[in-house]
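The structure that follows is given in the form of structure tokens.
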Amino acid sequence: MVDEHPPTALDLPMVDPLPEATQKYFDICVEKLGMVPNVLRAYAFDIDKLDAFTAMYNNLMLAPSGLSKLEREMIAVVVSAINRCFYCLVAHGAAVRALSGDPKLGEMLVMNYRVAPLDPRQRAMLDFAARITESSAAVSEADRQALRDAGFSDRDIWDIANVAGFFNMTNRVASATAMRPNDDYHAQAR
Amino acid sequence: MVDEHPPTALDLPMVDPLPEATQKYFDICVEKLGMVPNVLRAYAFDIDKLDAFTAMYNNLMLAPSGLSKLEREMIAVVVSAINRCFYCLVAHGAAVRALSGDPKLGEMLVMNYRVAPLDPRQRAMLDFAARITESSAAVSEADRQALRDAGFSDRDIWDIANVAGFFNMTNRVASATAMRPNDDYHAQAR
Amino acid sequence: MVDEHPPTALDLPMVDPLPEATQKYFDICVEKLGMVPNVLRAYAFDIDKLDAFTAMYNNLMLAPSGLSKLEREMIAVVVSAINRCFYCLVAHGAAVRALSGDPKLGEMLVMNYRVAPLDPRQRAMLDFAARITESSAAVSEADRQALRDAGFSDRDIWDIANVAGFFNMTNRVASATAMRPNDDYHAQAR
Amino acid sequence: MVDEHPPTALDLPMVDPLPEATQKYFDICVEKLGMVPNVLRAYAFDIDKLDAFTAMYNNLMLAPSGLSKLEREMIAVVVSAINRCFYCLVAHGAAVRALSGDPKLGEMLVMNYRVAPLDPRQRAMLDFAARITESSAAVSEADRQALRDAGFSDRDIWDIANVAGFFNMTNRVASATAMRPNDDYHAQAR
Amino acid sequence: MVDEHPPTALDLPMVDPLPEATQKYFDICVEKLGMVPNVLRAYAFDIDKLDAFTAMYNNLMLAPSGLSKLEREMIAVVVSAINRCFYCLVAHGAAVRALSGDPKLGEMLVMNYRVAPLDPRQRAMLDFAARITESSAAVSEADRQALRDAGFSDRDIWDIANVAGFFNMTNRVASATAMRPNDDYHAQAR
Amino acid sequence: MVDEHPPTALDLPMVDPLPEATQKYFDICVEKLGMVPNVLRAYAFDIDKLDAFTAMYNNLMLAPSGLSKLEREMIAVVVSAINRCFYCLVAHGAAVRALSGDPKLGEMLVMNYRVAPLDPRQRAMLDFAARITESSAAVSEADRQALRDAGFSDRDIWDIANVAGFFNMTNRVASATAMRPNDDYHAQAR
């Protein structure tokens, strides 16, 4: 169901009518997710911006990677928890619950990822994501080596850094514009 | 001149040979900038990632906007100064110097943007960029209204938030991977 | 159902058998809540400590006050979110969902209370709770006056300060001992 | 001598007359300490609250424990120094001076406990108290193990966490209400 | 009495014998203060450094100024409290107690200057000293104007900034070298 | 060339005419540096203050030391970068560029010293300078030992602490007074 409220506090109405390709993409969202995520509605005032965003998002979160889709969502939630981004915590917290089948894991990552009983690989991954979120200027070779020691390849390190970086972007865009998550997320996969 | 050193601390060689379109894009960079910026070389191990990055970068920094290109570069520098990202400060500090014709302005934004003698509009823009970089979770309607009061439209606010957000992403990617700027930037537009 | 796992990372078994009054209290918990909250099991290695804790807890959270029970739970969640206390966020997040009948409100307070659409009185209350959690040394008469201006009596201010103070205590006890919440909370009142 | 000024900035007069048991308790304070500590006068607008506070206080600070009374006062001062709570620093600084017979130790703990020449056990104890005061969400099993390695039992760890937690509560209550310490403390045990 | 312990953790013995002028200066210290402050003994491994330090110190703290000597000592204590410098808090806390005749004022400034009942002029002075200690990069004309509005001349503002700046230097030198204060300070002017 | 603008935001004109010795000193500055640094013009409203400042400055930065002049300038820049002091970054950034003949080193220290390819001795020196700038109260013997292990004598440690301390003073004086650097620095040694 397409949400009727504006997706942010900014007065930026969607292009109307949407280009055919965009409308089709939104229709697929409704079919697969039961909604058009508000972040897409927010960008849809400018189709070039929407396309650039979705291209980067889909590449980072869905393309082949040494990180599973769940792991990428876990990074999303840990970064968003540090930045206290309501939109991203709701949307990606739901994704962690759904992909893991473990609602408690989703809550742990939202509340304090350090309490989650993770294997050393995933803990190292989330520690790195937290570190570059909180103090990227202090990252050194030792931090990268810790990831290699935990079993990650240099390509994986790139992906961790880019996923964590991406949510540092979207957290700020969402908070800066008061983006609100679709209501449907809240009850998903509890 | 294409720099011969690897652009980051990760072992991720560029696709070789580059696809024709990419090679052409790099050739244009050399022609226009005198170099291929290392950030592009860094992403070129995976052309889909490179394309997603350049599409978003070019849309944000070069597409029509209520913010001038210089203003977008000013945001880039202020965000990167807070995050102390060497790569982005060097590259975008040079851009501010070049676009403004005012090397001192470039240095002020690198060192402490609050000392720069800006008009109220640009000061409000940079204060907002700094605020969402440092404490996005505390942004409220009053912050957005301050931008409107300084003459920005809602579309401009979107652009400020997205440019500032973008460099919060790239700062972290660059620092996480020890990305190093091309040497040519240092002496530009002094 | 009494949880079979130890409630904390410390090896401090409950008094066995429990004194009759304590057993009765725990039985009432099971009857009313469907569980004995792990915080009570954690303190039950020393009945004097358990009794001191429950006396203070029940006075603060359940005794007559100008603050509703929901409002006291809201303070608990906001303080615990700042301190990122998993135990308290789970237990009191569930209480906010249950008492308010508004699961989204519970999530907002867990994730970033500033996004919640609160009336000015409750917002002032939570801002004060946040302020004394983050920088109590800087509190001044102006902060107290802001509460009075929002309609709170001096007695209410005492209660806000004491509830917020209390969770600053329990957050630290819970995190210091790796206290884990009963599993039953997670699905409650979603 | 009972202090004639109100104990806090809130207008919350003591119950008058005090219940017999409370009056007796206050008389004992005067007899033993030469004063009724203002914190007790502050709570005495509601005898249930006063009783809950004194029960917890007396259990934590005076009941048998693997920590000496001085050690519990040392924790009180270190926590209060981090939170810069004037009331608690004055009252418990005096207690450290009196119990230790070492006025300089009292000042060191007020000013910067890291300069005090402590044995490794007490240093570990205070480091843990400082850690849960400043960043409880990051406490891990390694922190608890450091205490065990320094000779503390799990019961002792509970006590350290609870004493440190308690002063994180009282610091906030005192600062939030502008509680002022009795003048008599200042010159004690210098 | 000249203290027999080394004044810092560094092995830097005093010039021996001291030059006549230095010895005379130290003799005057003993006569007037009852001791040679350890900071002077610390610098006396190099008489040029000692002379440069005392010249600046005496100019800042003793030369004619729109700030009274007490006010300069108050700044010293507030800055040192923020930096938690044991040496400077002990030495200058004693000076505040002695010059003000108000031991409680000395303690308030050591513990949390915001609780001290100061007139608006002195409060503005200490707020500025605190601000440049904690976040000098954010100081703006509004901060200077607040001092002017409180009755300070531009010359006074210079003095406040320089006294506050000076203790930001000495706090770091003292803490970096584990400088310890003479024992005589502790009991002075209580 | 003597700059014609006032050196700070304070209305504190230079003594006029300058005493002969001061005029001579300024003439030497013009001869050697091509300018009178604005910091000297700022202090010249009071010759005693100017003399105390220059005596300490010259002793710290120019007198014989185990630290080279370049190393002392490197400390100046790293401290000033943490404090984001525009005046000191411009003036001492230029000095690092000039003394090292390596403009890129100057920029690295201004932007994020951790990215500079330093030998372990200089890295240890700068880490210590950064540490006492950011958290001097936490310095311990281990920090001093790390410097000794890197090859520094106790006398060198004194010098590192004092140079770092000094710029923590001047950074605050410069920012508090809006001191502006001479324009000539910007283009020097690029």
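In order of appearance the chains are A, B, C, D, E and F, and numbering begins at 1 in each one.
Note that in this section contacts are C-beta pairs under 8 Å (C-beta built on N, C-alpha and C of every residue); 3 or more make two chains touch, one makes a residue touch a chain.
Just so you know, these numbers come straight off a predicted model, no measurement behind them.
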Original post:
Which chains, if any, touch chain B and chain C both?
Top reply: A, E
**OP:** Report the chain whose mean Cα position is at the greatest distance from that of chain B.
**Re:** D
Original post:
Between chain E and chain F, what is the gap in Å from one C-alpha centre to the other?
Top reply: 22
**OP:** Please work out the Cα centroid separation of chain B and chain E, and write it as a whole number of Å.
**Re:** 44
**OP:** Could you tell me which residues belong to chain F and also touch two or more other chains?
**Re:** 84-85, 112, 137, 175, 178
**OP:** Could you tell me which shape the graph of touching chains takes: line, ring, star, complete or other?
**Re:** other
**OP:** So, with touch as defined above, which chain pairs make the list?
**Re:** A-B, A-C, A-D, A-F, B-C, B-E, B-F, C-D, C-E, D-E, D-F, E-F
**OP:** Report the residues of chain E in contact with chain D in the complex, numbered from low to high.
**Re:** 81, 84-86, 89-90, 103-104, 107-108, 110-112, 115, 175, 178, 180, 183, 186-187, 190
Subject >> chain B contact footprint on chain A (complex, rising order) >> reply: 9-12, 45, 48-49, 51-53, 55-56, 59, 63, 83-85, 128, 132-133, 136-137, 139, 141, 143-144, 154-155, 157-158, 160-162, 164-166, 168-173, 175-178
Original post:
What does chain C use to touch chain B in their complex?
Top reply: 112, 114
**OP:** Can you check the complex and tell me which residues of chain E touch chain B?
**Re:** 137-138, 140
